[in-house]
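Okay, so subunit A shows up in both of these, paired with subunit B first and subunit C after.
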Partner chain A sequence: MGGDPLLSAPSDTLGVGDRVELAFPARGDLVVLARLVTSAISARAGFDIEELEDLRLAVGELCLLALQGSDRRHGDLRLEFRVSTDSIDISCTLEGAAPALTARTADGLEAEQLSEQILSALVDEHGREQQDASARAWLRKRRKGPAA
Partner chain B sequence: MTQGGDETPAPDSDMAEHEGAEAEPSRLSEAEREVMITDNLGLSHQLARRFLHRGEPLDDLVQVASVALVKSVDRFDPGRGVAFAAFATRTIIGELKRHFRDKGWAVRASRRVQELYLELGHATSALVQQLGRNPTVAELAAATGSSEEAVIEAIEAGQGYRATSIDASDDEDHPLSARLGSNDSQYQAVEERALLAPALATLPVRERAILRMRFMDGLTQSEIAAEIGVSQMHVSRLLSSSLEQLRQQIRDDDEVE
Partner chain C sequence: MVEQHFQIEERSANGVPVILVEGEIDVATAPQLRECLHSVIAQGNATIVLDLLGVSFLDSTALGVMVGALKRCRELGGELHVVVTETRIKKIFEITGLDRVFPISDSLDRAKV
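What follows is the complex of A and B.
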């Protein structure tokens, strides 16, 4: 075969450098949107069924992390998907939400820790940044499936 | 049994919980071991919940996760400098994933989606009758006892979208779909032409010309009439008689065979 499978992929798949954005109101019940879009994009980027499930699961955790410690009644979650030669980068940013007035609870911290542990088990790299009112969580997963 | 790397331990041949403990005795006392397990049952429970949307009952998932927790307690080596929670999370997620893989999840899920898609078809017609309008996804989810997400997924799948495999290809200009068979309408045409050819040959040249103008060039009877210098009525009669002659000819051929 040889050659980069993504560069020689059928035209309806996502190619190297393709970027997709999805923004929706920061509500837990809408995280389903993030998961559905993740499935569609990862599938087109050549990830296999299991990797796709890992990514769906991981994106849910990204959203949870971005939502942590914020007043989530306002603001949007913005997801950005970027496909590169052998991996996919997904970031989730909470925009336009004020930081929560109350300090984080022990439960909240525990939940964050769990999400990070789950991400460690599912993806190759992940991290988070906090900047004023915007929290950002990101992940990178490399492709191991048959298309790689 | 040796432990390789600090990745999730390699899967055993089965779910023998005590195997690890016997092969590599735990440094924990029985009491410590028990405390560690009970303290982390919440973790295994929460991780099991993360896999709920895949269509397995929570109880089964919790069981798999708890067995995996026991495994991770028995295998945990504090000397490696990895926090237990991180180690256990990896092991438990690994086991949950393996649970789905061993059960042939990919196949099952797609069948589940297909079944749901069919079920949605029935539910939709029933709800249209009942409501006098098209049902919403929420109504379909309630009617089929599935989550809204599953319904959306099934609809999506039913509309031809499927994960990687369906249209994956190693050839840039030829996606798999291009190689899938379909009924080629041209075959029918070829067959009919083959049948017609001998019959056509028996017709006079003028009649053949009229048939060609009518059916291949798409001219109207009046246009044909103008072309060959006869009345439209005459063209009509010639067409009918030619067609009748062709039918007769084909019937005769059929009987001979």
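What follows is the complex of A and C.
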């Protein structure tokens, strides 16, 4: 037997070990792309509708955190989705953008705090790192039900 | 270009400005909301009703804009009333604690001041 794994795998699911990447110019009007892809991937990874909505909002916040404090005009946002047995790991990395020349505004700091609050409420783990021209924010959300 | 539904409209009810928003308020569209709120406040309105009944998504950027407008309204002795019924949207106010900061109503009638 041993047919083509591409043909034998269910076409509408993502299984353990599957990884998806999405990269796009670091522009606010394109963050909607990250949310759309997150909905599709979360559904295929077996998350229910409530979890899917949580992930959609959380990924938008990851993008915002990655964009915070950087000159986003020349960078790219790269999202990586990894499905594991009981969870999904999503990271968002801003690449190729220089640190912002101006200090963060009070509004920016407030929005950052709100992002952190939203992520803390919606996902199981989250964090972020900054290194030179690269900023990365990540999350892990565990599935309530069984894997797809 | 990615299509994203967003519409903003300014009305008046019993002399109180009502800003009606539809669609998704995020980092891309929140500046339009900020501009509209600032414009209404700059016209001398200290109290505003923000109708979010047609909003399907909002993020921290949108909340930041609303908090900024709320502060300006209160400095002028007024208030920013929020009208919302969608469970997902209300949940975002709850998890950030902003449901205790904004006066939130489930209909325009109840928000009338």
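Note that the second predicted complex is superposed on the first by the 132 of 148 C-alpha atoms of A that agree within 3 Å, B and C clash if a C-alpha of one lies under 4 Å from a C-alpha of the other, contacts with A are read in each partner's own complex, and residues count from 1 in each chain.
Going forward, a residue touches a chain if its C-beta (ideal position, glycine included) is under 8 Å from a C-beta of that chain, and two chains touch if they have at least 3 such contacts.
Source: prediction; values computed, not measured.
J.: Which partner does A:30 reach: the first (subunit B), the second (subunit C), both, or neither?
T.: second
J.: Identify the partner contact of A:39: answer first if only subunit B is touched, second if only subunit C is, both if each is, neither if none is.
T.: first
J.: Answer with first, second, both or neither: which of subunit B and subunit C does A:48 touch in the superposed model?
T.: It touches subunit B, and subunit C stays clear.
J.: Report for A:57: first if it touches subunit B alone, second if subunit C alone, otherwise both or neither.
T.: both
J.: Regarding the shared-chain residue A:114, is it in contact with subunit B (first), subunit C (second), both, or neither?
T.: both
J.: First (subunit B), second (subunit C), both or neither: which does A:22 touch?
T.: neither
J.: Do subunit B and subunit C touch any of the same residues on subunit A, and if so, which?
T.: 32, 35-36, 53, 57, 60, 114, 117-118, 121-122.
J.: Enumerate the contact residues on subunit C facing subunit A in the complex.
T.: Those residues of subunit C that touch subunit A are 1-2, 4, 24, 26-28, 57, 59-61, 63-65, 67-68, 88, 92, 95-97.
J.: For the complex, give me every residue of subunit A touching subunit B.
T.: Per the touch definition, subunit A meets subunit B at residues 1, 5, 8-10, 12, 32, 35-36, 39-40, 43, 46-50, 52-54, 57, 60, 113-114, 117-118, 120-122, 145-147.
J.: Under the definition above, what is the set of subunit B residues touching subunit A in their complex?
T.: 8, 43, 46-47, 50-51, 53-54, 85-86, 89-90, 93-94, 97, 100-101, 106, 148-149, 152-153, 156, 161-165, 167-172, 175
J.: Considering the complex alone, what residue numbers of subunit A touch subunit C?
T.: Residues of subunit A touching subunit C: 28-33, 35-36, 53, 56-57, 60-61, 63-64, 67, 107, 110-112, 114-115, 117-118, 121-122.
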